[in-house]
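Before I ask anything, let me first share the structure, which is written out below as structure tokens.
Naming follows writing order (A, B, C, D, E and F), and every chain is counted from residue 1.
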Amino acid sequence: MNWARDRSLVVTASPHIRQRDSTPYIMWNVVGSLVPIVIAATWFFGVSALLVIAAAVAGALATERTFGKGGTIADGSAVITGVLLGLTLPAGMPIWMAFIGSVFAIGFGKLIFGGLGFNIFNPALLGRAFLQAAFPVAITTWPTAGGSWLTLKGDNFALPLMSPRINDAITSATPLGLMKFEHKTTPLWDLMMGTTGGSLGETAGLLILLCGAWLAFRGFLNWRIPVAILGTVGVFGSMLHAVDPARYGSGLFMVFSGGVILGSVFMATDMVTAPVTNTGRWIFGVGIGLLVVIIRVWGGLPEGVMYAILLMNALVPFINRATQPTPFGVQKMKAAA
Amino acid sequence: MENLAWIFVSSALVNNFTLVLFLGLCAFLGITNSIATALRLGLANLFVLVLTAGSVSLLNYFILESAPFLRIIAFIVVIASLVQIVEMVIKKLSPVLFRELGIYLPLITTNCAILALAIFQTNRNYTFVEGQVFALGAGGGLILALTLMASIREKLQFADVPAIAKGTALVLIIAGSLSLAFMGFAGLMSGA
Amino acid sequence: MSADTTGPVTATGEVPAEQKPQSWRLLVTLGGAGALAGLLIFLAYDWTRPRIEEYRSQLLRSAIEEVLHAPKRTDTLYLERGALTATPSPAVDRAKLERIYKGYSSDGRVLGYAISTSEAGFADQIGLIFGYDPAQRKFLGVKILSSKETPGLGDKIEKPAFVDQFAGRLAPLVGVKSKALAGDANAVVMITGATISSRTVIREMNNAVQRWQPLLDKVGEGGR
Amino acid sequence: MPDSLLSVLILGGVGLAFAIMIAVAHSRLRVWEDPRIDVVAGMLPGVNCGACGLPGCRGFAEKAVAGEIQPSKCNVLTDDGIGAIAGYLGVEAGDADRRIARLLCAGGSNVSVRRAEYRGLQTCAAASTVAGGGKGCAWGCLGMGDCAVACEFDAIHMNEFGLPVVDAVKCTACGDCVDACPKNLFEILPLNQRLLVQCRSFLGGDGILTECAVGCTACGKCVLDAPPGVVSIASGVAVVDPAAAFDCDDSAIRRCPTGAIVWLGDTKSTAMFEQREVLLQREIA
Amino acid sequence: MEQMHGAAPVTSQTPAGPSGGPTAYQDLLKGLWKDNPVLVQLLGLCPTLAVTNSVMNSVTMGVATLFVLVFSSLFVSALRKLIPNEVRISTYVLIIATFVTIADMALEALVPTTHKALGAFIALIVVNCIILGRQEAFAAKNSIGRSVLDALGMGAGFTVTLLIMGVVRETLGSGTILGASVFGPNFEPWVIMVLPPGGFLTLGGVLLVLGWSRERDIAREKKRAAAPPQNVQVSGMRSGPARVA
Amino acid sequence: MRLLRRSGFAHGVHPPELKELTARVPIKRMPYPDEVILPLRQHAGAPAKLVVKKGDQVLRGDVIAAAAGFVSAPVHASASGRVAQISLWPHPDGSMSEAVRIVVDRFSPQVARPRMVPHWEKLTPQEIVAAVQNGGVVGLGGAAFPTHVKLAPPADMPVETIILNGAECEPYLTTDHRIMVEYPQRVQLGARIMLRALNAKRVVIGIERNKPDAIEALRATLPTDIDVSVLPLTVKYPQGAEKMLIKAVTGRQVPSGKLPVSLGVVVQNVGSAASIGEIFETGMPLLERIVTVSGPGVRKPANLIVPVGTKVGDLLEMCGGVTDDAEEILFGGPMMGVAQSNLDTPIVKGTTGVVVLTSSQVPAARSYPCIHCGRCLDACPMMLNPSLLGDLARTGRYAEMEKEHLMDCMLCGSCSYVCPSNIPLAQLFQASRTALRRVKAGAA
């Protein structure tokens, strides 16, 4: 036998072949699909967008590296957290706040649970919820899109721990704020194309849907969740609109305004914090959709996607339990017995 | 009617006793290892809350009017006796129910949520009906918080939690996260 | 854990018998403790009562003074069977009646009324008292008595920048977001980032006016 | 001062009512439980290891108070603790036949070979599903420490040759390692049994020596040297009979060609370590 | 209420002092750190989280609790021989509630604004597990002197913990300590620290720091024990010479 | 086929087929090796009882170990020679197992003792079953369950349908494929005999659609007097698993914890059927089997007739040896095959193939925590929740795993195959089952 003498036989467990997708591969693909959205954000909000996102990513990576198990940066999940957190912030956010937000996101949202895979809440959203509760004014100061590429959209370079200077002239209300407090709608086309106020990544609805479709096609995200969320928001919104068109925006307005699309495509689909079963995913999506509309319509805040997803995240262990699949050959037995 | 609805939503979600008002934390942090236990404890709590609200309404109306300074002591005594009576009655009437709920009843005496309910109810001059709705909402909120925490902790048994965070630190941080998420309910039904 | 085993342990060989509690001892202990507690509490109450009541009435008085701009004298009007009266029938307990306060200037002119109200805001009920002149439908001032709104945001409704706007505004109030409209006689500029709290204050005052205006009108007709 | 009187009356009354209720409750509803159970439960270690075969420490306390079990049956308690409980209850402590987990393999990485490189999950349970973990000896220790992880008392540590070493002081003989080891290499034995065959290879004969230098070849010399009945050969490996071995001397190990049978130097120490030292010296020589 | 037996088993027996009996010094000091009621025994968490959004509130609450604890302990240990076992807890509750009521009224008379900020939590001292726990575990079994010392220690430990929480939360949440600015006028307060989540997160953070120092100590201890460093996970990979037949 | 629904089965995975290497390579006979190793345990059930001793001279086809009871099978000498050693020997399952080593006579003509060819048409079902057992036939599909046991169901469980398993869903393997292409008659004969032994109504031969030539060959030889049909199956792993196949053919699910006979179905591998056919054609017991030797690590992949007991090293030698980067040797396909640590391990009756993988193919050992992507749930043909089971296994909660139907898992490996975090789920489950058994035994 010509077995090379210097080489040891290797033994591994079956199966001995694996399909190609690995966890880092999936994560980096998601990062890739976020690139167009980052570019769009830069297009609308100029260099401020890049600054905020970069600060968030830097915070995420620094935390992962300092407190993580080691070597976990390469799996790409921290980058996603950073980019997504950045995309949910307004362009004028001081970068020190963005940095702190993602330190919290990774530290308290992920590593404290044991790192990738074990967290209960979506880290990026937890980071944003932290920022929203910590700096409620800064995070609801929405600069208008457009203007010169190089002008900052706010006091991005405010000194760490110090208040940003707020320039009222370049801020505007978001479509949802206008709707909630002044009962004014924004043209749908503007919403789809992203030429409205809002957080960096949420404005260009169509582009996000496109990126999401690509990811779903490659099997990296589960299409059921966004479909359930968008469907529920659309239907529930339309129903309310039918009741009182002056008070409530149309279903499409509901879907395309605010963070619903970004949240449903990129955040509710984070598999770590979403149910594992398909039935569970439908329930999860519908739950988020209902909560979004409830918070928007009856709550104190103009936007509720973040809270809706976090609340449903908390319910995921429950949903998973309730939607356990029935094993092959088990139902038959029960029927017979 | 709207007022009742607001009282309910406010006490269950917006001003959730556990996650927003920090009441009943001992049980929340201590007895949420399994969903079944948490649910039972929550139900026992709800039961005692409703009874307390009722008795406090009566107490306020008949006795404390004339001696408001005896409030705290009267409430705590009422709660303690109530819990004992309930325990005995359940034991007599339904041993099965007692086995399910009974062991949690004594814990409730030292649960500050109950006393707080009595005090809030009094400070806000709730009527009997409002008091009942308030108790239902508060109890519902407790059940919600307890079971959510329990289901999360069941899942966390699989997690590779770093040694420094094991135990109460992690539970507190989860509670903080839940509390953050519950901020989404702020202003719910305030009519703005 | 071995510490547990080294603790004080009484070596009792025999099985302790079940003891029946002696009922009279229980009764005496608890009854006695209760009586003692009652006494102690009462003593403390008696000692603190003047200061507490002083403080409470001081609080109310200063609030009324603030919203009615230092009246010379105030009357309390009670709401009894759908009408306001300064002298409710002695049969009912005054403490249970709703009331508003009527303020007079040094020359005996009626300055206006101080009305308190409370409604749900962003976090919880916002309680406030405001001064109001029903004849001119004009607000005289407002003071927030209780609120749990977010520190740094909603609690700005207690700050002068917000509260001071109300003096001189006419009912019904309208909340506006931009300072440009601030000149309007009905307009109150809301606080950025605390729209809901601001709105609640405005709405509360409008609702209260709506409720009390007819009653006050009657008082005005008969009583002035 | 009517208010003061009222206050005294109300609270006195409430106290009375409360007392009556409790008195009634006590006479009607209370289930009596021997208070000594709580005391004994408090004196037990409270680790609920189950090594005593009872459901938790409280179960042990109940039995102990009822006189159905001797305090020394708790393997975790120190001698002082056993004495304290026995003294409290006024019963015999019982003879402390302390037991300990012993590893029946000495094939560390220094003396045994690996036939193939196992790649994958580094646990013995997982590795043993794949070609027996790739180790030359199919019965030997895989060295990935499932037993050390399973031990709740921190009594097992892996030594530098990938063999678990049992800390005789910490080991409570709870049996978790016995359950954990996929190769069945642990056995709970009396602490005072000093003769031990540290090999589970059933191969028999010198064939095993190509896989492991300290394997038992079933040559039978120990059977001859030991007092009759202490050692026997069964299915290709020597076994010691614990019932017969507790008072024998170390004659059995003298002529063992591989050192598979060992004499534990001191019942309290971790003897396997020393044994390996001896063996290495022998190999070098 | 029998559960209280189990509430503080750790401290029910006092470690013996050098002279055989525990020293007064130990009775007093154990509550501050070693058996800190909040950080170690995890008792009385509700007030620890609820009222610590400013230093003033924390201190007031701590002192009020200390007051109740000391006087309850005093009475309970003085009366411990007289109280029948069956109504033990009820009597304790009565005693505690009395002092809570007194504290409540005294605070309202002396510091009305802080009293208002603390809201119902002064009244809730009644159900603070620390107090009942100390009565059961200590005052009911020990002399008056020792009980008072113990109560002082535990109360101080509670107050110190509240103070830590209060300082952290007020500094970050309002940029002040006792109302005095720390970072200057331009500081952007972290509103979350004075909101409910901030309470949970701050205590979680404090426990994390404790956990970290504990783990570090354990690691040092291990190093000192000089056992051959063994990585269980890796040891399996060390393969001997592979042989192929 | 008329009455049968064809609904396939849910979930499953699509690994690359990789059968091109040998799919068209005709079966060849391999020369006798120098020695053969015959373990006494080559089948499920009781190990066979030794009837020879060291030094005995045996002829090809002689019984060297007899069946030990009904659920057992005899072992025959696969070559003439001398019994040189009886001892523990490495077994394909990784353990050491009692085996007989026969040194093959160099110049022996390898003829068997003359024996009578039984005429199956004259035999009663019982006699057929006995003849099959005496022939040493065991399931050649991998599990090596004694075939005759499945031909003798309990009286209260009549068998209606016999399914011949020609799915061969494992990548690389072409054993059954070549048998169906080259020996269709023998398969048909086996089917006929089984039909008679079981007094069943019909035989369905299930073949994955990626083997059109096999479907063609069997269709061309279909008998007309009995109900035998060929059913093309979706190409999907694990189509060949018994329960999945039954679901695909009959549309019914074998109840959890029950055997297929409870549905009146028996599944036999096509190779097993061909072996039965061979017994009644030539009178020879199962002495050799067809083995696919494939994979990128093999120089000359082939389908070979291999004497049972041939050492894998010798077999690989026959196929031109292995490449320089060969790293891992599997018995069976890459999905369920078992890695071997010893080149002396013998080919046994249940060895369907030998696959040699190279270093570039051996999967990376690094695994990540479960990210709860749910792919394993979508892959598991048994509709289990491997993600949860994996978590439970990692934390050693075996009793809970049992409640989550650990025992229903057939260790097909679909979940491990799809897991992006590369968690060795199936391996965990296998280890957990052993541990569970150990804990239970300890408790008892």
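Criterion: a contact is a pair of C-beta atoms (placed from the backbone, for glycine too) under 8 Å apart; a residue touches a chain by one contact, two chains touch by 3 or more.
None of these values were measured; they are calculated from a predicted model.
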item	value
Label of the chain whose CA centroid is most distant from the centroid of subunit E	F
Chain located farthest away, centre of subunit C as origin (C-alpha)	F
Between the pairs D-E and A-D, the one where more C-beta pairs touch	D-E
Averaged-CA centre spacing for the pair subunit F and subunit A, given as whole angstrom	49
Chain centre separation (subunit C, subunit E; CA means) in Å	34
Subunit D and subunit F: spacing of chain centres that average the CA atoms, whole Å	42
Multi-chain contact residues (two or more partners), subunit C	4, 6-7, 21, 26, 29-30, 33-34, 37-38, 41-42, 45, 122, 150, 152-153, 195-196
Sequence positions of subunit D contacting 2 or more other chains	3, 7, 10-11, 14-15, 18-19, 22-23, 26, 42, 114-121, 126, 129-131, 134
Subunit B residues counted as touching two or more neighbouring chains	69-70, 73, 77, 80, 158, 160, 165, 170, 173, 176-177, 180, 183, 186-187, 189-190, 192
Residues of subunit B defined as touching subunit C within the complex	6, 10, 14-15, 69-70, 73, 124, 186-187, 189-192
Subunit B residues within the subunit F interface of the complex	157-158, 160
Touching residues (chain side subunit A, partner subunit C) in the complex	136-137, 140, 173, 181-182, 300
Subunit B to subunit A touching residues, read off their complex	35, 147-148, 151-152, 154-156, 158-162, 165, 170, 173-174, 176-178, 180-190, 192
Subunit C residues touching subunit B - in the complex, by the definition given at the top	37-38, 41-42, 45, 119-125, 195-196, 199-200, 203
